[in-house]
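For clarity, chains are labelled A, B and C in written order, and residue numbers in each chain start from 1.
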Amino acid sequence: MKNTHDTKLIFELSKPGCRGAVLPACDVPSPDGGCDASDWLPADALADAPPALPEVTEPQVVRHFVNLSQQNMSVDTHFYPLGSCTMKYNPKRNERAAAMPGFNEVHPYQPEETIQGMLEMLYELQEILNEISGLDACCLQPAAGAHGELTALLVAAAYFKDRDFKDRGEHRTKVLVPDNAHGTNPASAAMAGFDTVTVKTNPDGGVCMEDFRAKLDSDIAVFMITNPNTVGIFESNMQELADEVHAHGGLIYLDGANMNAILGITRPGDWGRAGTGGADMQHYNPHKTFSGPHGGGGPGAGPICVVEKLAPYLPAPMVVKKETGYSLDYDRPKAMGRVRAFFGNTGVLLRAYCYLRTHGPEGLKEVSENAVLNANYLLAKVKHFLPVPQGGRCMHEFVASASKLKSERGISAMDIAKRLLDYGYHAPTVYFPMTVKEAIMVEPTETESKETLDAFAETLFRITEEEAELLHDAPHTTTISRPNEVQAARNPCLSCR
Amino acid sequence: MNPETLLYAKTHEWIHIADDGGAKVATIGISAFAVEALTDLVFMELPEVGRDVKPGDSICEIESVKAVSDLYSPVEGKVLEVNKPLPDSLETLSDDPFGKGWIAKIQLTSDAGLSDLMDHAAYQAACKEEAD
Amino acid sequence: MPYIYNTPEDQQAMLAAIGAASIDELFESIPDELKLNRALDIPPALGELELEQHVRELAGKNLHAGNAVSFLGGGSYDHFIPAAVDAIAGRSEFYTSYTPYQAEVSQGNLQAMFEFQSMITRMTGLEIANSSLYDGGSATAEGVLMAIDTTRRRGQVVVAGTLHPEYRETIETYLHNLGVEVVTIGPENGTIPVSAITSAMNDQTACVVLQHPNFFGALEEAQAIATAAHNAGALVVGVFDPISLGLLHRPGDWGADIAVAEGQSLGTAMSYGGPVLGILACGKKLARRLPGRIVGQTTDRRGKPCYVLTMQTREQHIRREKSTSNVCTNQALFALRATIYLSLLGPGGLRDTADLCLRKSRYLAKRLTSAGRFEMAFDAPTFKEFVVRDKENNVEELISAAASQGLLAGVPLGRWYPELADCFLVCVTEKRTKAEMDRLVEFLEIGAATTNTDELVAARI
């Protein structure tokens, strides 16, 4: 049933003279008696012809791309237990809100009095995110989680430069990152100008305190921690970690990728011993935790929240509430700059706002309770045939290992992932974190039913019983079989001639 | 070259030291074990000729589809020569890592690092341990 | 809750299978003293109908390009979006899928990204494009980092003062802790003199960043500036307006080594500035320094052509602190929209769009400046935007008064250019009609006759 003609490259469908969009005739008289572009613009700036785009009609375009869409798995069509990505249902009411012209067609440089509804929404969102974090100030500017990490680290750098340098006479240079952290953590630290120091983790995924203490010294700027961590376990030494980093004058950064496990249950800002504070800054992934659609890879957003002492260094503008209404505050002399043009990814933030308003305090807590319940239920069903090295309980996700299957029967995590596609399931995340051999990272999310989880566990079991040969060649039923990645990387073909 | 007569670094480089008219020149490459661990190679850069290196300096990178590996200099000296055709024929590195797959020649300026190198038997033992 | 299936019975059955007495028990690993033990202090839950009413009310408080006439530009534009763009990009299979890690079930996204990359190479005249970045501002900063990395020159980058001020600020932020100086060349009469670039260059200049047409809508002497940069051994990061390429030379043709752009014009809504689409392209030699995701063509095990994410060793999940960038998402949905948009327009549609922008903006510029109160601030030829000087130096109030009449008249420039506090930036896209432009002129002329804006506002309301 695959339409092989209309899914050729769009350039191959091109026929000279075809047009998908026709522009209106010009309705203004030609100023200065000019008749084409060269009468107004210098000839040496003008191209001989416009770029060689395809020439196709609207029906062709629609058929081409609708056929392409049908070659994708998506949350709306399939169970998508992709660990660390929180592929929950994307509510349609949020989409309707985001499509309202009163949000969608607003220009970033309109006068404040013409965007009071927009600013009110953004202000309320800042407040809600602060409350969920247990932190004091929020910046909505970053465009993605990794962008939030970078922003927060630059805020930390500005803070140290302003407050700490004078006392110490030298800069803090180190950012400590656990070895099982997402790759963006060390990459963001490097971009912000810090040296990354890797801290070992224990088999349970928790920070190895011995290694942590060996590497913690007065040069520490920031300790970046993901909690619950990447193997789905709540860091058992969180308070000690926070206290010791603070005692050395450093800051705690929480990678908020896994907030879906703890909404309304515990707040990062409260993670120190009484009165000493916990996380000093964190980012959110609204496209994960607060249900924004992933769009095939983006857009996302990466708002950050910080403690009071870091607030002056957040980028401008921030939304403030005044007696006369909502306003953008650009007067932030200590702000560290900006990390993009315009205010932020408001389209994504609006969806998050809708999600948060839909749930309220009790609803948000239920989200995390059911996310954790679903993950533990799946863990209980899976661990008998697919070992989960980190143990019997988890938070919102768990990491199984195909290591035993690999050594005994030659079946790898990749084989299992690819075979799941044949059964109509998106694969879990595989080979991450790198600290678990043959890792299979499963995050069911709260928006899946017990029946779906039962069927998935049963399929997974069935796969582990199948012939190794069958799995090596999987998938068998998808539009393509496994792509040759070596060829793709060795002789890159990145655009059509 | 005969792998059994070479010296090895913990980071999987092999080293062959020859006397070149009074100057000591080390030819270095990566071991068959390392080539296999990297799986299918897709890209490599060569070290910069003329660069002064110390033991442990990263002098170039070798990439497979999903991994990047640094090549560390096991010795102190100056890069004399590199195996220019290698990046365009990565299969040579896989097929003949101890011969045509050599990567660089370094003229030694001291004995630094040499005492840390292993002989073939010791290296084999280290690889076995790593594989487990 | 509306999106949770588990009934109380399900929950009990699941807890029994887990061997836990309660859901609370599942959170035992969190020390009690860290638990919140109170409800979050956030607004109560709203049902779908109430939410819709609430959000509609908020949306109703905003002026927008649908209920006002917009002459706003400066990097975000009210261009026409054909219905087919929304219809296709609104398909769940596109917008609710994740990054195409499993190529076998993501060929739709991967092929669309490959087509996007191909279109961007054709648009820019450069050999390689990634599958998008966050926005034009961060893409520009990433382009600068690439240039520093490639040239290994860590002394300075030279930035045109006519580059979008928020892009300049982004570059400064990105470079702040890396020890590379940002040297900004001030404009003269709205553009950058070639001689100023030449004299700013030294042997540690990594790149020149030039926007053409620039933030003021004016054409720069792009080719001469690129030559000056190249003569000093620096690279050129060229910031372009994709719509302008219907008429103007491609950045690769005028000498840009790295071309970056804000791609919102290509079928994506303004959405108060985000989310939008960062575009980045470069020559083949710079491929391994490129940040972000890249899709490549290959074959599957049966020899069938297919698409896959490739050259991943550049990226953070493999190279960690040594990666080319920390970027790990792209703006796939908007890259898709741009691909659909450009397919619908084709070369002829892009040329016609650019041509309409040019003609209409010329018409408005001529009319606005023939009345007396306003004059063109600069002499250089412009594309779809131009800067107008208010001889009465009352820009903020004029803009405000116009807004109360449903006219978004322009972007005041004083915030970024104190010397241009009496100027504003006007943009005319293909969507503006003669009637709308005449209405703006008529209003601003009345505004010119009335010095007391409060009276004016009162009178018109």
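In this text, a residue touches a chain if its C-beta (ideal position, glycine included) is under 8 Å from a C-beta of that chain, and two chains touch if they have at least 3 such contacts.
Everything numeric here is computed off the predicted structure, so don't read it as measured data.
> Measuring from the mean of all protein Cα atoms shown, which chain centre lies nearest?
A
> Taking each chain's centre as the mean of its C-alpha atoms, give the chain farthest from subunit B.
Between subunit B and every other chain, the largest centroid distance is to C.
> Higher C-beta contact count, A-C or B-C?
A-C
> What whole-number Å value describes the gap between the mean CA coordinates of subunit A and subunit B?
Using C-alpha averages as centres, the distance is 39 Å.
> Whole-Å distance, subunit A centre to subunit C centre, using C-alpha means?
That pair's centroid distance is 19 Å.
> Just how far, in Å, is the C-alpha centre of subunit C from the one of subunit B?
Each chain's C-alpha centroid was found; their separation is 46 Å.
> Among the residues of subunit C, pick out those that touch two or more other chains and give their numbers.
Expected reply: 312-313, 318-319, 322.
> Considering subunit A alone, which of its residues make contact with at least two other chains?
In subunit A, 485, 489 touch at least two other chains.
> Counting only residues that touch at least 2 other chains, which ones in subunit B make the list?
Those would be 42-43, 63, 65-66.
> Give the list of subunit B residues in touch with subunit A in this complex.
Interface residues on subunit B, with respect to subunit A: 40, 42-43, 63, 65-66, 90.
> If we count contacts the way the header does, which residues on subunit C are in touch with subunit B in the complex?
288, 312-313, 318-319, 322
> Could you list, by residue number, the parts of subunit A that touch subunit B in their complex?
Against subunit B, subunit A makes touches at 431, 485-486, 489-490.
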